[in-house]
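To start, I am sharing the structure in question, which I have written as structure tokens.
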Amino acid sequence: MREILSLIFMIVGGFFNLFGCIGLVRLPDIYNRLQASTKCVTLGTCLTLLGMMINGPLNSSLKGFLCAIFILITAPTAAHALSRASIKAGINLWEKSVVNKLKEEEK
Amino acid sequence: MITILFIFLLICSFLCLYRISKGPSPGDRVVGIDILGIIVVNFCTIITYLTKVDFYMNIALSWALLSFIGTLAVSKFLEGKGFDE
Amino acid sequence: MKRGILTFLLFIAWIFLTWPFGKEIDWQVLVVGFFISILSGYIFGEGFTESPHKFFGFKRYLWAIAYIPVLIYWCIIANLDVAYRVLHPNLPIRPGIVKVKTRLRSKSGLTVLANSITLTPGTMSVEIDSNGYLYIHWIYVKTDDIEKATEMIVRKFEKILERIFE
Amino acid sequence: MNNNEKGMSIIVKTVTRWIKGFIFLFGLSIVLFGHLTPGGGFPGGVIFAATFILITLAFGKEYVLKKIGKTLASELDSLGALLFLIIATLGIYFSGIFFSNFIEKTHPTGNFKLFSSGIIPLCNISIGMKVGSCLFMIFIIVSVVRVIFEDGKGKLITTEKKDKK
């Protein structure tokens, strides 16, 4: 029972990772890519870790818990730092973008 | 089932490598490298699941940490500042 | 007191990292962990938190526990949303950067709010202002008015985060 | 929106404030369990250096140079090398062989504990001190010291000196 449950969690996590990486290739702009890939890969990694934690020795379960918390804290922070740096470096948004409040403020 | 998962993660790695090699701006390449670092954590998790040995999680933690610091350093460089200010 | 709080948290993290309560209690690991958590708590303790009295309010922990299911729910919704947008052949996106306002003032609250916004449907925090304004990259812009965007993006977390961090 | 602010944005600063102690503890655990799990002195030292590099990236150089200056880093560097040499030489004094393991070991078939392998943890600790402070000094010197050219001849300055003027 526990094995089946953990396999289900890991497969769902793998699907989410795959969606994130497809988004990394298909979307047109660095900001959209960053958004899709960060969301999907973070949740996919946490689900894979959860599947390992359900059916594993206690040592590795606790380390996996710490690893999940670490990734939940740091992955959005890295995305924020990278997007802010791209804005500062002058990389423009996609040409079909609707609104850019940040550029309107600077004028 | 585990084979399917490995195939998924391999496809993910190759998509990231495509973005790293193709990306028009430097920021795109850094996004690819950042996501590739988290995919490696997934690989370590699956190896822990298969072998029941707990020190692969140490490798996963160190990899996530160093990937985070590398992303911060490159983004600070893209921002146009020196490393020390 | 800041150093004491950090030392306590580090000791818990050490127990999680090297589980010493196996078949028999491993006293060597416990004693070494006590001393090195005192050491690293002494080195890094002064910058850990800015208002240590907030750690002793018991209600904050209950609200923090109530915050976890909300975050998980919006996280799963966000992933299904991204999967829909990515797998659709026409790419239904309409991106843009909007501006929202938040009532939170403490730095920890702003950080948790920005990270939660990055993990929830279609939004990512790009830039933060010192006056409580956040610039959000939205993958499908529904409105560019400040008040409406605040109502749609920020409110669902702000009500709980105010009780935790303020 | 103010570009004159030191360091990176407020979110990166707060996250750094939260996780720096835990990263240091993780490096210490890698050093101390170097004889039981993969790891040891060098990876642990790299993680020590990574902690201070993270603080330097997030807060700017004043914050970290106040805590661990260049003199303290070089002292720790020398102290690590000296401890390693002293441990090696004590082996000659006790049993006549350079680097002999003179502290009593438990039997290899028994349970492996933290203090069951003689001098290997002490060597790991000294290597960790050496590597951590040395990598941190390399980072500080590469990022702080700059060469400017005045009147055709190169002149080596540090930004610390420039701040004092």
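Order of writing sets the chain letters: A, B, C and D. Residues in each chain are counted from 1.
One rule holds for everything that comes next: a contact is a pair of C-beta atoms (placed from the backbone, for glycine too) under 8 Å apart; a residue touches a chain by one contact, two chains touch by 3 or more.
Everything numeric in this text was worked out from a predicted model, so none of it was measured.
Q: With contacts defined as at the top, give the pair, C-D or B-D, that has more of them.
A: Of C-D and B-D, more C-beta pairs in contact link C-D.
Q: What whole-number Å value describes the gap between the mean CA coordinates of subunit C and subunit D?
A: That pair's centroid distance is 30 Å.
Q: So, what's the distance in Å between the C-alpha centres of subunit D and subunit B?
A: Each chain reduced to its C-alpha mean, subunit B and subunit D end up 25 Å apart.
Q: So what's the Cα centroid distance for subunit A and subunit C, whole Å?
A: Each chain reduced to its C-alpha mean, subunit A and subunit C end up 15 Å apart.
Q: Go ahead and note the Å separation of the Cα centroids belonging to subunit A and subunit D.
A: 31
Q: Provide the list of subunit D residues touching at least two other chains, using ranges where the numbers run on.
A: 1, 8-9, 11-12, 15, 18, 26
Q: Give me the residues of subunit A that touch two or more other chains.
A: 20, 22, 34, 38, 42, 59, 63, 66, 70, 73-74, 77, 79-81, 84, 105
Q: If I count partner chains per residue in subunit C, which residues reach a count of at least 2?
A: Subunit C, residues with two or more chain partners: 13, 17, 114-115, 125, 127.
Q: Please list, in label order, each pair of chains that touches.
A: According to the stated criterion, the contacting chain pairs are A-B, A-C, A-D, B-D, C-D.
Q: Which bits of subunit D are touching subunit A when the two form their complex?
A: 1, 8-9, 11-12, 15, 18-19
Q: Residue numbers of subunit A touching subunit D in their complex, please.
A: 70, 73-74, 77, 80-81, 84, 105
Q: How about subunit C: which of its residues touch subunit A in the complex?
A: Against subunit A, subunit C makes touches at 13, 16-17, 19, 75-76, 78-79, 82-83, 85-87, 91, 93-99, 114-115, 118-119, 122-127, 135, 137, 139, 141, 144.
Q: Along subunit A, where are the residues that touch subunit B in the complex?
A: Counting only subunit A, the residues touching subunit B are 6-7, 10-11, 13-15, 17-18, 20-22, 24-25, 30, 33-34, 37-38, 41-42, 44-45, 48-49, 51-52, 55-57, 59-60, 63-64, 66-67, 70-71, 74-75, 77-79, 81-82, 84-86, 88-89, 91.
Q: Which positions of subunit D touch subunit C when the two form their complex?
A: Going by the criterion above, the answer is residues 1-2, 9-11, 13-15, 17-18, 20-22, 24-26, 28-29, 32-33, 67, 113-115.
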